[in-house]
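To keep things simple, chains are lettered A, B, C, D, E, F, G, H, I and J as they appear, and every chain counts its residues starting from 1.
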């Protein structure tokens, strides 16, 4: 079973079970964003967690094998088109240089890792319109001289 | 004075004054990320704030006019190359679809605004290597039916 | 049923019923442009409206589920080729900068939302050749400072 | 004087005179969007109107010659980056196919001209947030068979 | 039946009938270039003409419906590769600016329509090598001021 | 003197002399389209014709040398943006495949040369709107087998 | 049978017969490069030669029809990736301008035809490593003035 | 002196001396194509040859230093536009796959080097039109297994 | 059997046999990186080695034929997206110019061959985090003058 | 002084001093590849090392400031053109997927860091042609689950 078939199976099971990513995250003891990314095929799970996801969603254990496999990460569009994802791309374009300067001033020359990295989504209720809170947390990696 | 000349003037003054973005942010009562983005030419400032930035950095008030002007936001590379900025682009590519699903499950069909939007940078000290915390906060905008 | 299959089903039913978008719009109490966009898979409908569209066109209610699903919006060509759509792209290219200046002069620094947004099509009869009237109506979103 | 120098001269004079596009449009008897597009170098003016624009803004009459010259229309980015202009591009992407169907159903096989074309901007005040109203008006051109 | 299937059906029937585009054009009273473009799926035919094409080529009348449908015009390659088509693209690149100047000098600021447009192909016999004569005939559309 | 400086010199002289391309073509005994293309730097002239162009426009003979030089032909945009030139590009996209079939049916497998090639522009007066007539005339080159 | 199926059939037959392109070229009295290009679908063969190729390789005569059909020439990658083909692309990039100057100095302003064109491959044995000899032979086409 | 200034100096001197690439090649004992490529900045010369080129063309010896420098080879357009160079690109596109098969059948799996490589241009006089003969000669490099 | 089917067969067999690339490399007496590249379809194997790979993995000998076939090397993305491969691309971008200078200073004007080339992967254990050691070994090829 | 001016100053001083990267590396106690990358503007140096580089090359200490500044890393061409750098790009394309599999089999799911990373160049003398040895050494970063 490849990652694409795995993803279809898991999303269909999730719809059938009427579970949210929060529900699944709680059931398997991981963050909902990470669980979703693994089910979308963008991260690999440990054997235990993969099995727990399959048990939670009631799918066969060959899906677990696909969850454990190391993914090849790719996306369709160099410049995303869906408005939700484009807005994130726009933030990187508009604020990328600013963030580089603010972070490197605080930490020195280096980058925020996208590998040793976690991310959370929260909802802030607000009478003028609810707000989305995205929290990105990555290890700072200083450039090495040699 | 256009935004490019304004930016060179402000960054040179900042280096001369040996002030950080945090320092300037505190001096003018705004977030350091927003102040940096305005000085980089990616946001416009109100007259008052523009004047305060100029006073803080000791530059002529024609710079304030340039800070007030409405910017045309643009970036050089559809796919960024600097490793710091690329890692953010990679996060959008790898997690974009995941985030869309997690957020829309919580909020309904819509997007996180990149206009009614704020962003913060924090440093988390950690013996295994300090971590960068980026917080994005955008108003949720539901798609309108008509 | 995915959005593509839904679209084929709905367009075939519409042809069979010989109904126009205006007819369907009236039948379900929504604008014809919005109804068309939902049937093309570019907007999601509420449960009620989805069911009404299905009833109007005489299709099974699994199509309604597909109409309710949140779409991933995408288009094939960064630069459109069909002459009808290209002319709209050309208008954005030729008049984009002009519109930005005229609107921001009237409203301040910000954008016209493409999310809190509606659009209408009208026909103006004219002996020298009928004219198409497109009306775009979007909420103005001012940039936030923080 | 080429269109670029003309544009800088006219925008500087407009800022000096503190006139809006509405003011200039009224002074010369043309629509503010068209006047702005001509001053940005995207349309040519008749001799009379060009002279009136120059008189209104108090600039030398060599600018009028540049206003009369036939422009080569071009834009920098196949996919626009400034959020204001990108939203318009997104509207073309998301609704292009829908509009083609709705318009051609009403008018037959053909296009809306971007040449025999006018455009207006209006402000709709709204307590929940003002709205931008863009009106595009183009002659319908049926495809010719031969 | 979509335009692609229609095209395969018509080209196969044309090969079976051993008719040239000239033959079909004469049989249905239209220009061979236009007939070919309609059979390739790049133009829509009136009901009468569509039926005549089907009768001439001996194909079922569901093909006529596909001929009547309004096409979405598209081509595979932004820069064509086949040497025949590339040479036409090269002509546009090499002579585009020249043609714009020569035509606009004669007609004023405007364009040659590609919609209210016809095209013919002729063969000029020549002992030094026959020559292809392409004649493009498009309505001149002046830019509108408003 | 390079082709760009030559072009500026010749276009300025042409404006000063208030001559059309037709006038210059007649004066030097060549077609106006070819003369324009040579002055734009897209074709080389023989010594005699180059000198005649310079005499007609009253420019120094170092311009003649630049007219004689063999050009490197290039254009700025793979997909043209100016509406006049784009319409020609669109014609190639929409009708390219059709033309290939119609021409090759008449002539065999081969191409229309863009090198052994001429082009004319005519104006057809028409009460419903004047029409542009472009005539392309290229030698047919059959593919060689070996 | 289209060119792709033809190609698969011919390459499979060639492998079965264990014949080289040289063998087939000799058998049908044509150059091995041309024969290969026709079998790859990049050139059309005369009826006689097509039949001889089919006889030589022992395939059905419907393949001959496909060999006779006029191809649409296309290649997958604007910049080739296979190292063999990339090296040829690199030669065009590195030496293109040089070759243009050397050839036009010898022949006048014009091009080497890629249509009235032949090409041969030879092997030069060399103790330091055998060498590939590619010979390109194209008619010189002078630019026409008119 | 960089390669660009070197090139302008050498081409101007060549024009002044009215020497052809053949003349210079003979004078310095190298092939005219190689000499031209070195003067265009696409190859480096040994000190001796560089000095001979400078002596032959009567330029200062700082040009010789620039001729000796190792070039960074680059070209402006991924897909060339000048018709002379485009035809070579087209040959690579149309015949690339064919040549790979013909050469690898003769030599085994590997490539023709573009580094250990030479190239010649010859003129073949022909009453039906002179022909250009390009000869490419590159070392065959077999892929290594390890 | 084409390279793609071969690859699926070999990777499935490898998973079934629970062998690492090191294991297979040792079994057939070749480097694990080369063996993997051949199984991925990016290199051709000799008949003997191909047979040994098939014996080691217990697959039919028609796979061996596919291993012997000369590959057409290609990759999907001009700019790779998977973070593992992107980091290598980034290294080429960041250090390419530096490496060219350092290597050419040591060896003269020329390149490191990617054909007469080998590559190894080693693991360096390190308490602060293990390190990957990639060793690239390519023949230096000096540019030829002629 | 920006990185570009710094680079010109340092490379000119290096040429004047006739020092190799090895010489400078030894003088300042760093690897020659890293020193070259810092002088090319692709890495930042500590204050001490920057001063040592300036002393070694005999340049003013304002160059040292530029060496200390944090660079924005960028390269001109998404697909490099210079043959030296292209060969490295080709290696990433041909072997990228292979390397990912071989490394991840040894280390688990993760990447080789391009930040915590060093690189060396060595020359291996060989009678059949000297060889270039590139050694890349990067920390393995496992993907984090959360």
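Operating definition for what follows: contacts are C-beta pairs under 8 Å (C-beta built on N, C-alpha and C of every residue); 3 or more make two chains touch, one makes a residue touch a chain.
On a predicted model such as this, the values are computed, not experimentally measured, just so you know.
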{"item": "Shared chain contacts [chain B and chain H, defined touch]", "value": "I, J"}
{"item": "Option reproducing the contacts of A-B, where over half of them reappear, out of I-J, C-E or A-C", "value": "I-J"}
{"item": "Rounded Å distance between chain E and chain J, as computed from the means of their C-alpha atoms", "value": "56"}
{"item": "Rounded Å distance between chain D and chain H, as computed from the means of their C-alpha atoms", "value": "49"}
{"item": "Chain H and chain J, separation of their C-alpha mean positions in angstrom", "value": "31"}
{"item": "Junction residues of chain E - those touching two or more other chains", "value": "72-75, 78-79, 81-83, 90, 93-94, 97, 100, 104, 110-111, 113-117, 141"}
{"item": "Chain-to-chain touches, reported pairwise for every pair that qualifies", "value": "A-B, A-C, A-D, A-I, A-J, B-C, B-D, B-I, B-J, C-D, C-E, C-F, D-E, D-F, E-F, E-G, E-H, F-G, F-H, G-H, G-I, G-J, H-I, H-J, I-J"}
{"item": "Chain D-touching residues of chain C, taken from the complex the two chains share", "value": "20-21, 32-33, 36-37, 40, 42, 73-75, 78-80, 82-85, 87-107, 110-114, 116-117, 119, 121, 123-124, 126, 128-141"}
{"item": "Chain J - residues contacting chain A, complex", "value": "30-31, 34, 38, 43-46, 49, 70-72, 97, 100, 104, 108-111, 113, 115-118, 141-146"}
{"item": "Of all residues in chain A, those that touch chain D in their complex", "value": "79, 81, 83, 86, 90, 93-94"}
{"item": "Chain H to chain F touching residues, read off their complex", "value": "77, 79, 81-83"}
{"item": "Footprint of chain J on chain H - complex, ascending", "value": "72-75, 78, 114-115"}
